[in-house]
Structures are given as structure tokens and as C-alpha cells.
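Note that the chains are named A, B, C, D and E in the order they appear, and that numbering of residues resets to 1 at the start of each chain.
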Amino acid sequence: MQSQVRIRRWPWVAIALSLAVAFTLSMISPADSVQGDLVRIMYVHVPAAWLAYTAFFVTFVGSVAYLVTKNLRWDRIAAASAEIGVYFTGLALSLGMIWAKPTWGVWWTWDARLTFTFIMFFVYLGYLALRRTTDDPIARASRSSVLGILGAIQIPLVHFSVLWWRTLHQPPSLIRPDGPAIQDSLMLAALIVGVLAFTIVYVALMVKRIELIHLEEKRLAVEQSIRRPVAGEAVTAPELGAS
Amino acid sequence: MTTGFWHQVRAVIDRDLLRERRQGDMLWITIPFGAIALLLIPLAIGTDAVLLREIGPGMYWVIVMLFGVLVAVSRASRETLPQQDASALLGLDPAAGFVGRTASSAVFLLIFEVVVGVVAVGLYDISLIGIGWLVTTMLLVAIGLALLGTLTAAIVNSSTAGAALVPLLVAPLSVPLLLGATQTYDGLQGGYSILSWVLLMVAVVLVVSIIGVLTARPLQET
Amino acid sequence: MTQPDATEDTTGVPLVVLEGVGVRIGSTQILRDVTLEIDAGEVVGLFGANGAGKTTVLRLIATLIRPAQGFGTVLGADLSSSERYDVRRRIGMIGHVPGIFPELTLAENLRYAARVAGVPTDRVGGALAAVGLGGAADRTAGAASHGMQRRTEFARELMIDRSLLLLDEPHSALDRDAVDLVEGLIERKAAEGGAVVVVSHDRDRVRAIAHRTVDLIGGTLV
Amino acid sequence: MTQPDATEDTTGVPLVVLEGVGVRIGSTQILRDVTLEIDAGEVVGLFGANGAGKTTVLRLIATLIRPAQGFGTVLGADLSSSERYDVRRRIGMIGHVPGIFPELTLAENLRYAARVAGVPTDRVGGALAAVGLGGAADRTAGAASHGMQRRTEFARELMIDRSLLLLDEPHSALDRDAVDLVEGLIERKAAEGGAVVVVSHDRDRVRAIAHRTVDLIGGTLV
Amino acid sequence: MTTGFWHQVRAVIDRDLLRERRQGDMLWITIPFGAIALLLIPLAIGTDAVLLREIGPGMYWVIVMLFGVLVAVSRASRETLPQQDASALLGLDPAAGFVGRTASSAVFLLIFEVVVGVVAVGLYDISLIGIGWLVTTMLLVAIGLALLGTLTAAIVNSSTAGAALVPLLVAPLSVPLLLGATQTYDGLQGGYSILSWVLLMVAVVLVVSIIGVLTARPLQET
């Protein structure tokens, strides 16, 4: 039984290699004219945010697929992906905050994208929390799939919030170096390689995480196969005369 | 099946409205509180007429949002296990139950919006330009919040720990509604286009309705 | 109406089949390795100590709980698949605690049940009269005595034609006259080709009406 | 402890005196002209049809309802005055629906009862063991079966020394082993100079343990 | 009696805190919701930092008020009739029940105030001059709202007083609390005397406590 779960080692190697390449490239790419070396945060911040989208989209797909097929495999994929998505969102958030302090002068501001990213982070934390509320695999899969689908509404909200907000309020800040800064080809390459590297990291983590879920399920099955007394055996005949 | 579906939906709506009328805490506790809240804000932040006119509509919508969702969640989860069992064994289609509960919640939220709205207009000197659109907004918000509340109650149903998730589920989806509502009002005042905001609200309502109806069965798994 | 006839496809096939079924709630095993077959026309008595899991067996057969282990069908529907939603309307259950709404009157409760089940609502009056509650139809369920609430549930079962009837201590709370009602209902259901499961601690009384009795000990039927 | 001894001032004086008592709820007359006297050491069986008012009689004797007409004392306290609050602790009642908190464990429920009643909390373990729930003490009451909840109420009555015990259908929900509990408790209470009123539909069983039975017909005792 | 009184109060507090910890919807729904409310306000009325700093403290108190009373009401009315009967027959002094329920509500409101307060300080950049007085204010508001909520629930539950009384009671009593809280904050900022405001809050708390304790018995009358 135990042998069915294959423990793979290549994901760790892939993660190490791709991160090394991406790091090197981000270091040799030029400093920004306005931001200086701070711009290097972008090579992590942006891929992390995009991979968070990817991860949550996979959760969405896994959730839909589970509800359609009722195959628990899809639920495992959705769960693993949501967890990794939370890491990536956390990374993008914290790097964004670190970046915000020197550029905007504050750690946090009520920009729509920031707000929505923050909310997205919590929605998927909620997703993970919901999964912990029940042991029953089918109930868990059913409930969390619904949330996995609802949660996906966040992705366009986060992405388009920048556009929407600008139409209503003043732009959040003066420095948002999307366009011009990326004219430099080495910077662009560093960004693209960064995204690729993060994609590999994502896939590798997925493989490991699903592996772990399998192991957990195995352990649970073994635990459940142990014959314990049923609930009713705790009730005995009254002993009159006591008390 | 289809005629049976709407038949069941109507039965659930009638049941909920009747129960609420007999019980009456919505009427006597929630609505007065919403009104009192609006009354308290000027007391709390000072009675500067300009400031109040500026924040009035926003506050109105915030209060509708807060109460709305809380009311919808508590209403939707007001069935005991034996009551749920009995309804299930009557062959109540989970989707019909969802639609019915949502509809009755929406009716209450609409009443809440209207009563509290009258108070808001009185207190904050709110302009009613584009009343047709305002009514549309109120309708969309009532339906949207009712949907969110009902769906949320279904997702966290029975799992006590799940209660923690209610705000997490509700907030992100109600934010677009809230933004849509406030921006529609601002748009009407400023005379610029509100179509995209109305569409945003319609989109939220549609998406949540579809998800709610399609996932009603799986959500019954305990 | 649009519903299938209560007994159409059940001749010959067992109405209930449980094979090695286990039930867990959370991490607690409640039932283990339950095997049971109930044919059309049978009345089965189910005995067991307090906490043994009798109510759980009924809810399992009513498709309200999913088996954690083993395999089972009820009225031909697999208990683990979503087929079970389609047979629910043909299963009646009267549990320990009445599944009615205290804010509604007895008649309103039955009207709701009739509408959801797709049964003509003009059966309500007759059903209430049959259980001796014709005069109390407009009393709210919360103001009805315990026995009256129980009788209302029996009225519901009279009104809707079920193939399978699950009764949890049907004799409790009912006075001498009403007890005949129960026994009459059980006999009729069996004669019509349905099946009845009766949980009780009053073994003699149940042995008098049941064709067969089973005991639940240690989470298993013996 | 600081409480008066359960039986101190009751010798000779009737524990319950009802003289022409009527009870109304809202505008409905439930009981009319009820006259009853119960002496120390007596076990009284109370019979009646569903909805006759048996539970109302018990709640009246328990001082939980005030008489609308007539005069009555329980344990020496006038039912219409606020004296009745002072005797409540000496009256035990087990009703149709358990008065325990589903979120608390069985032991916690009893500990709460002991603390409020001013009884040493170390009686809890013994009382639970006595009703056969020693092994389920840490199960929440909501997760306990109906019979287990009933037994917990019996454990409460074992733990607190009452002068008067009011039992509403005590046999229902209890399995064969636990039924002795009821009879044991009743006998002991009567022997100690208290009194017991037993409501039941199972006349034979009650006649075997009661010294006297009364019938409630048309809101009046006959 | 006096030692028994506080003993009972403590038992009720422990019971409520335990129930809440197990059920957890106050903690997990209301507190996050309060925090989210603060988060939504900037979205609804615009993110002007100066404006936000100006209205921040007022909004904080409005939200505390709104949720506070609602939470207290829903918490206090969460006992079924059998549960109430059982407590009454344990000899629970109605006044002790009132004080205990109020105290446990106050504990929750204090937690709510602290958590939401931390969010408010973070979001609105609120100054914390005179922290000692602020803490006093928070305490007084928590107790005052808990009192109001418990009293409101008692009124709604009781059949002698009508639910229509609730709004009449709540507005006049909560407004002084809120005014006191906001004016104390402003006074601390502006450096002028706050004594009269603190006294106002103390007076409200005292008045409601006295009303609550004195009406505890009459409100129990059915």
C-alpha cells in the first residue's frame, strides 16, 4: 500500500536550479533610472503575484472539475494549488509592502489593488481553514470547491482594480514604473525568466504537495482501519444505588 | 421538474415570510438599529452639514452592507436539524431551497433599505437625482447581499469552526457591490457614466446566483 | 402529481439494502458493518440501548447521512451517489424532535409540506382531521402540545404517499387514541407494498406489529 | 449546603395544594378549576389526552406559570406571590424536551447545575456514572443521543435533592436498563418524604408505581 | 443569599463563556466583521487620509455600538424555554441570571472593542492620548451595551412586555453612551475636561443596571 506513493526528488533540484538562474539574471540586470536597485524587488514581486493568480486559477479549475466528476483527485489538486497560491500572495504582499515604504513613504495605503490583494489573501486562507473544519473527504471537497469557485472572482478584481480605481480617484502614487522602465531588454528578460522560474517552482511544489496529501490520506486510512469501540459503547446500564 | 421547481421556491418564500412576520425580530430589532446607527453617526463625528452630505451616502451603504449580510446569514441558518431533515424528505430541491431563501431574504433587505433610506435622506440631506437608477441599485444590492448571505450560510452550515469564514466569504464579494452602489450614486451626482458600475453589480449577482444554484446539492453533503 | 407513483418500481426488489455499512461523524465511528435488507411489505422493529445508533440507522436509510464504509441502496438509489436526492420524497421519517416550524400554525406547516412535496393542498384539512387536530388547525405549532406536534407529523405522513416510513419511538408522546393511528398507518403502509422501520424501547408493543426485529449492539445489527 | 434541607418543613403539610386553579395563556384558557392536593410521600399518576394540559399542570406546580384564577401553594409557597421563587430549587422537573445546553459536555451541564443549585460539584462524576454515562461525560450534549440527554437530566435530579419531582413521560426515550432508573428514583423520593407526579400515556406502567392517579379531562382534574 | 448570589453569577458567566467558546460565532463572525466594516468605510467614502483621521474615532464607536447591542441581544436570547425552565428550577435568581449574562456579554464586547480598536488605530491613524481614560471609556461602553442588550433580549423574550418597546429603550440609552465615548475622546485630544462625559456614561450604566436587576423577576412572568 505505502509503496503506491512515489517520493520524487527532482522537484527540489528544479526549484534550486531555476531560482539560482532567476536570481543571477535579476542581479546582473541594470538598476532603474528612478528607483535604483529597488527595482530588483520587481523580479520577485511581479512573478509571485502572477503565479498566485495561476495557482488560484488552478484551484478554480480543480474545484469545477471536482464538482463535475466527483473525483477526489481534482480536490487534491485544488487544495494543493490554493496553499501554494497563498504562499505566493503572501510573498507578493510582503515584498510590495517592503517596496512601498521607500517609494511611497508608507507601508500601506488604501489603494484598490492593495486592498483587493489583501482580501484575496484572506479568502484563500479562509479556503484552507474551511478544509480543516471537517474530516470527511467528500464533505470537505464539496464545500471547499464552492469556495474555490467563488474565490476566483478575486482574480479579475485584483487585476482590474488598478484601472477601475483610476477612473474614480486620483492615481494611487506617482511612481508606478510599469511602462517605460521595462524598455530595457535585460530587465524584460530578467522578468520573463523570473516568471518562468516561478512557474517551475510552482509545478515542483505542486508535485511535492500532492505527494504529501497522498501520504496523509494513507496515514488517515490506516488510522481509521484500527478497530476502535463505536460511540455507543460508552453508554452502560445505570448503576442504581450509586451517588 | 421545472414547474415543480418554482412551485417549491414559492412554498419556501411563503414559509420564510410567514415565519418572519410571526417572529418579528427583524422588524423590531434590526430596522430600528439601522436607523439608530445613521442617527448616531452625526453625533459621533460632529454635525458639520457639508461633511455629512459628503459621507452620508457612503455610510448608508456601509450600514446596509453590514446589517444586510448579518441578517441574511442569520436568517438563512435559522433552521434546526430536524426541520432541515423534514424539508429534505419532502423532496425539496436544494436549489429551490437556495432560491427561495434568497428571495425572502432579499425582500427583507429591500424593506430594510427603504426604511433606513428614508431616515438617511432625512438626516443627511441626500439628493435623489436619478431615482430610477437608485432604485435599481437598491434592488441589485438587496439581491446580491441576500445571495451572498444564503450561500455563505450554506457553505459554513453546521461546522462551528466554519462560522469564522462568514466574514471572509462575504467581504470580498460584497465589496464590489458596495463599490458599485456608492459609485453609481456619485456618478449620478457628477453626471458621468454609471453603466459599468451597474454592470459590475449585475455581474456579481449573476455569478453568485449561478454558483449558488449549481452548487446547492454538493453543499448539502455533511 | 408529477411525482412517480409511490410504489411503482419496488415489487420484488428490496427497498433497503445495506451491506457492511459504517457511519462516522467526525472521527467517531457510530455504526460498523451494518448489513440489512428490507423487502416491500415488511415492518421491521429496531431495538438497541440508548446511544447504540438507532436514530443514526434511520437517518442513514433516509439518505440524510452518507455511509463512510460499505455499500447501500434505498428505493434503488445508491446511498453514496447523488441519486439519493431523487428518492427522498418517497421516504417519511418521524424523529425524536418534530421537524416543524413553531411560528407557523399546524395547517400552515402541513400546507408548506404539501406544496413542497407536490401534493394537493386541499389534503391538509383532511389529514389534520384524521389525526384529531381539525379543531386546532390554526394554533401555532409552538403553542401546540408535544403530542399535538407529533400528531401533526403523522398527519404529514398521511398526506404524502411514501414508500418507506421510518419511525423513531412512535408511541412516545401519543395518547391511547393516537397510538391506534400509528398502528393503522404502519399496517396500511405494509399492505400497500411499502416498508416501515420502527425504533422503540417497548419491545412487546413492537413485536406485536413487526414482522421481524433486529437488535443494534456495538454499532452492528444482530 | 446553604440551602434548606430538602424535607425539613414538609411533614404533615401537603406539598401541593391547588384550589380551583385556572391557567390562561394569552386569551386561551388552558386549565380550569383544577383542584389537587399532594401529600409528602405520595406518587401521583397524571393521565390525559394529547393537549389536555398535563404539561401545563406540571409547569404550574413547578411555579413556572402563575394561576389566572384560584389559589395554590407549592411547598408552602403561594403560587401567585413571589415566594414561589424561593422554593424552586426544591422542585425537579424533566420535561418533553431536555433543558440542557447542547454546546456543553454532559459533565459541564451537570457542573453548571450543581453550581447554580449550590450543591458540591464533585457529585457530578458519581451522578453520571449512576445513569450509565460515566464513559460519555465529555461528549457534548448536542452529540449525545436523545436517551443520553434524558439520562443526563435524571443524573441532575439524582445530584440535587428535591422535595418534589415532576416527570413528563419519563419512560419515553429510555432503554430497558434505564427504565429502572425512573422507578428507583421515584421510589426513593417517596420514601424520603418527597412527592412525585408522573405524566404518562402508559397507564399500566404508572399504575404499578403510583399511589393514586388522576385524569385531566376538559382542562379539569377528575 | 448574598454569597449564593455571586456564586450563581459566576456559574452563569462560566456557562456563557464556555458556550460561546464552543459555538464561537460571536468571536469568529462579529469581530472579523467589525474589522471589515472599518475597512469598507474608506472604500465607500473615499480614501482621503485627513478625512479618515477626522471621522475615524467616531466610526469606531458607531461600529462598536451597532455590533455591540446586536451581539448582546442575540447572545442573551439564546436560551430555549426548557433551558430557561431548568435554570429557574435550579433556583437561579433572575437577578443573578441578568448580572451573569450581562457580565459575559461585557467580556465579549470588551474583546470586540480591543480587536476592532487595534484595527482602527492601524487604519485611521488614531491618536491614543489619555490611554487610561480611553480604557475606562471602553469598559463603561462595554458594560453599558451589554446591559442594554441583555435587557432588550429579556423584553423580547417576555410576553408581558412587547418587542415594540425595544427601539424605544435602546435609542435613548445608547445615544448618551456613544456621545460620552466620542466626547471623551475629543476632550482628551483637545485637552478640555471630560469628567462630565464620564459621569454621564457612569450614570447610564447605573440606571440600566438598576432597571435590569429590578425588572429581572417581573420580566420572567409568563
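By definition in this document, a contact is a pair of C-beta atoms (placed from the backbone, for glycine too) under 8 Å apart; a residue touches a chain by one contact, two chains touch by 3 or more.
This structure is a prediction, so every number in the text was calculated from the model and none was measured.
Using CA-based centroids throughout, the chain positioned farthest away from chain A is D.
Nearest to the overall CA centre, using the mean of each chain's CA atoms, is chain B. Of all chains, the one whose mean C-alpha position sits at the greatest distance from that of chain E is C. If you average the Cα atoms of chain B and of chain C, the two centres end up 37 Å apart.
Our note on geometry: chain B versus chain D, Cα centroid distance of 46 Å, whole angstroms.
With centres set at the average Cα position, the gap from chain A to chain B is 30 Å.
Chain contacts: chain A has residues 115, 134, 136, 138, 231-235, 237 touching two or more partner chains. For chain D, residues that reach two or more other chains under the stated contact definition are 25, 96-97, 132, 136, 145, 148, 151, 177-178. The set of chain E residues touching two or more other chains comprises 22-23, 39, 43, 46.
Against chain B, the residues of chain E that register as touching in their complex are 22-25, 27-29, 32-33, 35-37, 39-41, 43-46, 51, 54-55, 57-59, 61-62, 65-66, 69-70, 73-74, 152, 156, 163-164, 166-167, 170-171, 174-175, 178-179, 182. Within the complex, the chain D residues that touch chain E are 2-3, 25-26, 59, 62, 64-66, 82, 85, 88-89, 91-93, 95-101, 103-104, 108, 112-113, 115-118, 140, 153, 156, 160. Within the complex formed with chain D, the residues of chain A that make contact are 231-243. Only residues 67, 115-116, 119-120, 122-123, 125-126, 129-130, 132-134, 136, 138-139, 142-143, 145-147, 149-151, 153-154, 157, 164, 168 of chain A touch chain B when the two sit together in their complex.
Residues of chain D that touch chain C in their complex: 25, 28, 48-51, 53, 55, 96-97, 132, 136, 143-148, 150-151, 169, 171-179, 201, 203.
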